[in-house]
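Next up, some structures in structure tokens.
Presented sequentially are two complexes of chain A, the first with chain B as partner and the second with chain C.
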Partner chain A sequence: MSVASTALTSPLRGEEKRWRLAEWQLALPLTLAFSALFLAPLLLLVATSFFNDDKITQPGFASWTKFFGDPFNYKVIFDTLLLGLKTVCATVVIGYPLALVFMDLSPRLQKVLLFVIIMPMLLSVVVRTFAWIVVLGREGVINQGLMWLGVISEPLRLLQTELGLVISLTQIEMPLMLLPLISVMSRLDPNLRDASAALGASRWRTLFTVIVPLSMPGLVAGCLLVFASSTTAFISQTVIGGVRLIYLPLVIWQQSLVVYNWPLAAVASLSLVVSVLSIIAALSYLGRRSSRHLQG
Partner chain B sequence: MGRRQSFLDLSYGLVIGGIAGLAVLIIVSPVVIALMTSFTEGRSLKFPPTGFSFRWYEQLFDPIQSRPIQRAAGNSLEVAAMSTLIGVVLATLAALGLARNRHKSARVADNFFMSPLVLPGITFGLAALVYFSTLGFRPSLNLMIAGHLIVTMPFILRTTTASLSQLDPALLDSSQSLGASWFYTLRRVTLPLIFPGIAAGAFLAFMASIDNVPVSLFLSNARTDTLPIRMWGMMESTLDVRVAAVSGVLIAAAFVLMLIMEWTVGLTRRMRD
Partner chain C sequence: MQALAPASPQVAPAGRTLDVDDLTVRYGAAVAVDGVSLAIEPGEVVALLGPSGCGKTTLLRVIAGFVRQAGGRVLVDGAGIDHLPANQRNVGIVFQNYALFPHMTVSENVAYGLRARGQRGTDVGQRVERMLDMVKLGAFRERLPRQLSGGQQQRVALARALAVEPQILLLDEPFAALDRNLRLDMQIEVKRLQRQLGLTTILVTHDQDEAMSVADRIAVMNRGRVEQFDTPVAIYDRPQTLFVNGFIGTTNLLPGKVTGIVGDTATVAIDAGAALRLPAVPGLGAGSLVILSVRPEQLVLSPVATADSWPIEPGLSLPLGSQLVHEARTVDGAALKIVEPRRRAASEAQRRFCALAPDARPSLFPRSTSSATE
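Take a look at the complex of A and B:
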């Protein structure tokens, strides 16, 4: 509403003002719900971390110094972030070519492929994790297949290894990579590729000098989603990784629901937030810079 | 030059096509293999399955043997339905209130409401547990509905705000200048036009609630657990083959849901745009 129009309808002005106020007030119920059920719990969590004992009676910094005084916890944080990084790399290497092929398909086949990509998304993470237990287990497809081929005589240990976990997470998180990639790539002008080919570039050169830079926003978005999801994938980490591979979500769960040391669990979960979000912020900053570089 | 070029293009086709094929295999095969295993006759998750039977499905639908699983499935549906319903009301109201507001505080509020999407779910789950225990609440379905409301509401707010921003303001102005009250305009113009956005968000929120682990993990006990938590427990302990049967049911449900959405809203078309 411009100033001119409000001036023209001056008799309505008072009513309109009340109107505005009412409109803004519609957000009040949600604000209240979020303050009571989201903001207050998080503030309490931060406060809880500044207590020394599991009865939450003595305020102090002991939980922080205890958590960060233990070199084991640094390894856990590092392993958690590294798991996210490996999963991101695997989903890019496997998923990007699929997105490239998607662009070349006929609309009919595109529909089929999208169906294949979206369908696992509607499937519970628990089901996807379970599927990988069946695939990777001692009597699973891979071991049975390799033994039948005579490649191995003893079943390989694939569950409870980081390799098995990264393979599983690659499939489990794949839709999060593919959907942003495909939505950006399908907006690319097909003439660009033809122009690049007409000017004598090989398809590889077109890929790395034309398509990859232009699809950067989708790639960055996919990487962020996969990283955030795989570092906090509690079920997949515990079921496929087992007890030998320890990541931050498991530490949080153990400290809060097994040991009942809430201050320490609070410290662990705040460390998870800070480490994951700072990497995400850095990545999205780099992504924004690269796309600005492209436009400017 | 020409031969080099064609060799390069051939290698491109082989490498990219090969990896894409592998990607489809990796995406699809675990689901197919899990589904096949659920029809096994044996007591283990061996592949290929030994024999073909519906015994695990029969056990799953047996009301006495599988009571905890069925109760967990009921809890999942109840929590998802209630949190989505409350989420739709609160998010639609908030979207109506904030979508046209250009004030800085409106953007702050919007970011605040979206932040559960960024925050690791396990951190909010722990925070909710500490908070509700401090207030003296015991684990119950109501607490879980409250927790799920927070983590699923952003999906509804996002799609509803998006469809409101595409709404032509001239429509609202003409409705108003023709003498319609604010509420009448809302009921007859705004809501019907943004309904697809609300419905899409409600669907996403419902699915996110059904699938939620981190919040349910902290706010449930043995009587109020949801299906994913119960399945996790079954996988962690004895690896009951009934997990395969539950998976089979959920795979079939996802497949049917996908077909319904394709027919009604043209899901794959929307996702591509």
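Take a look at the complex of A and C:
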């Protein structure tokens, strides 16, 4: 009996084992690439941060104590995260209604709008950022327009302010909010909206009890992408924010390429990575909790 | 089963009349519903029957208020509802895919309409319990829709639609996704609930058996138009158009020509080789080219020629339940199906001639003159 059953199952088991080996081998190139391109630099960064001098000769904790001994750096971390949160809020406030409108368009118009959304991503961030300088400047489109309308008499100061930076980051990061939102929303059953209306619900009720909860995965994904991207947007932050607004990426750049204090740059980089990742982890935890019912 | 009576809502709402008056719906240039009129009695179940794409769903969506018509009106109890948005029409609808809210439990789904109407507290809970008992899903109240089978999801959709005591119930192919046995159970169930509540109901289906068994009257639709609106028996026995005739049940089509009319009786010479005397049809005078439609069970077989029979070439015989279906071919090449009880089945040698059964009521339709040989 047992002999027969082993005889029957053993070839199967052998096959299974071969398959498992093959799968493991298939994952090998990715694992190696990942280690070489991501893990190794990160470890290098960690190692560099534990040196005291800019020649990287004396191991120690001096760079860490120096960075975190300076209250100014706390403010920079705080400002960086706040910039991310403000950009996320702005992209949600503008992007979510836009995604709702998108769902109501005819397939033809949807294609056009999708192209308009994706097009900025085909342009370099540098180009888009310099375009915003033209728009936000003293003689820029916004100021000229507002003055022509008589809303203001003096040009507003938008360049080198956080407001101007958030405005331009909102436009620059918008595709990262819209694409996940639209992809989740277009998979919603359109009958759900009708079912809700037939049961007597108003449009607002349908929005908040049906559409928002069901589009949560897309909203969370969009928030994570925008947050990660705007907190690390070195070019936009420095070109539009200028030297008056200081965020972590600028500190890293100064320490590594101006002052050549690589250990301190490493500490600043790690602070950026850890603080951004912890906010992202918190956001995605909340997102997963609120959309637990949607996954299998 | 025995707990049904107490579980029913205490006040059965009086049924409403539903009138659809010359309704037309366009999608761009395409006409999806073309001048449809239906007068539906209180508490009546009407089946919209027709092939896919004939405008059944569109008609329902107009009544529910999801789609605006290009012309015509919808009236409930004689009052137009066209100006009302969908959320003020109080029309219950069950979608083909049920459209349950996937993030809400069964009881939250059923409570949704009550909450949307501003009801709160224990009233809602009690009503939900009653509805779930009614569809026998009390034990599943905390489940999510995806944890239910198709039949259970459908019952939740029904309970959700009925919980708000709609004036009209619309069912869009509600049984299409269910397997055969479950479908029959659910048809009985829906019919029972509908009776109990006295709800005026429209059932969309492309399944003629379903329409026949559930509906009081059937509206047969084709290309956005209603071809016939009548009781199932009348539609089966007296189809008014060739389309209805072909869509309901199986039929044999025999081309022929009216050769003479005496009083109420027309003599029709069919191309298969017989002269048949049939009740005359207004508009089909002597010389008209016609198509004679006969149901398979209205034909009989015989081994020898009789006065009104025509010769056939016997083909296959297939058992179908308690019956036997014979295939045959006439001399002019038309395919015939003849149904007999299995006990009386004729052997192949006995299947030489075919005639109308004594009680047969065949239908005569005009034949388009483009195929005329004269």
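Heads up, the rule we're going with is that the second predicted complex is superposed on the first by the 253 of 296 C-alpha atoms of A that agree within 3 Å, B and C clash if a C-alpha of one lies under 4 Å from a C-alpha of the other, contacts with A are read in each partner's own complex, and residues count from 1 in each chain.
As a working rule, contacts are C-beta pairs under 8 Å (C-beta built on N, C-alpha and C of every residue); 3 or more make two chains touch, one makes a residue touch a chain.
Every value quoted in this text rests on a predicted model; they were computed, and no experiment measured them.
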item	value
Combined model on chain A: chain C and chain B, fit or clash	fit
First, second, both or neither for A:279, with chain B first and chain C second	neither
First (chain B), second (chain C), both or neither touched by A:82	neither
First (chain B), second (chain C), both or neither touched by A:156	neither
First (chain B), second (chain C), both or neither touched by A:202	both
First (chain B), second (chain C), both or neither touched by A:134	first
In the superposition, chain B vs chain C on chain A residues touched	B
Inter-centroid angle chain B-chain A-chain C after superposition on A [Cα, multiple of 10°]	90
Touched partner set for A:44, first chain B, second chain C, both or neither	first
Nearest-approach distance, in Å, of chain C Cα atoms to those of chain B in the combined model	6
Residues on chain A lying within both footprints (that of chain B and that of chain C)	200, 202
Complex contacts: residues of chain A adjacent to chain C	189, 191-192, 194-202, 205, 209-210, 213-214, 291, 293-294, 296
Residues of chain C that touch chain A when the two form their complex	61, 64-66, 85-93, 95, 97, 99-103, 112-113, 116-117, 144, 146, 160-161, 164
Residues of chain B touching chain A in the complex	5, 8-9, 11-13, 15-17, 19-20, 22-24, 26-31, 33-34, 37, 44-48, 89-91, 93-94, 96-98, 100-101, 106, 109, 112-113, 115-116, 118-124, 126-132, 134, 146-147, 149-150, 153, 157, 182, 207, 210-211, 213-214, 217-218, 227-228, 231-232, 235-236, 239, 243-244, 246-247, 250-251, 254-255, 257-258, 262, 267-268, 271-273
For the chain A and chain B complex, residues of the former touching the latter	19, 22-31, 33-34, 37-42, 44-45, 48, 93-95, 97-98, 100-101, 110-111, 113-120, 122-135, 137, 139-141, 144, 167, 170-171, 174, 179, 182-183, 186, 200, 202-204, 207, 228, 231-232, 234-235, 238-239, 249, 252-253, 256-257, 262, 265-266, 269-270, 272-273, 276-277, 280
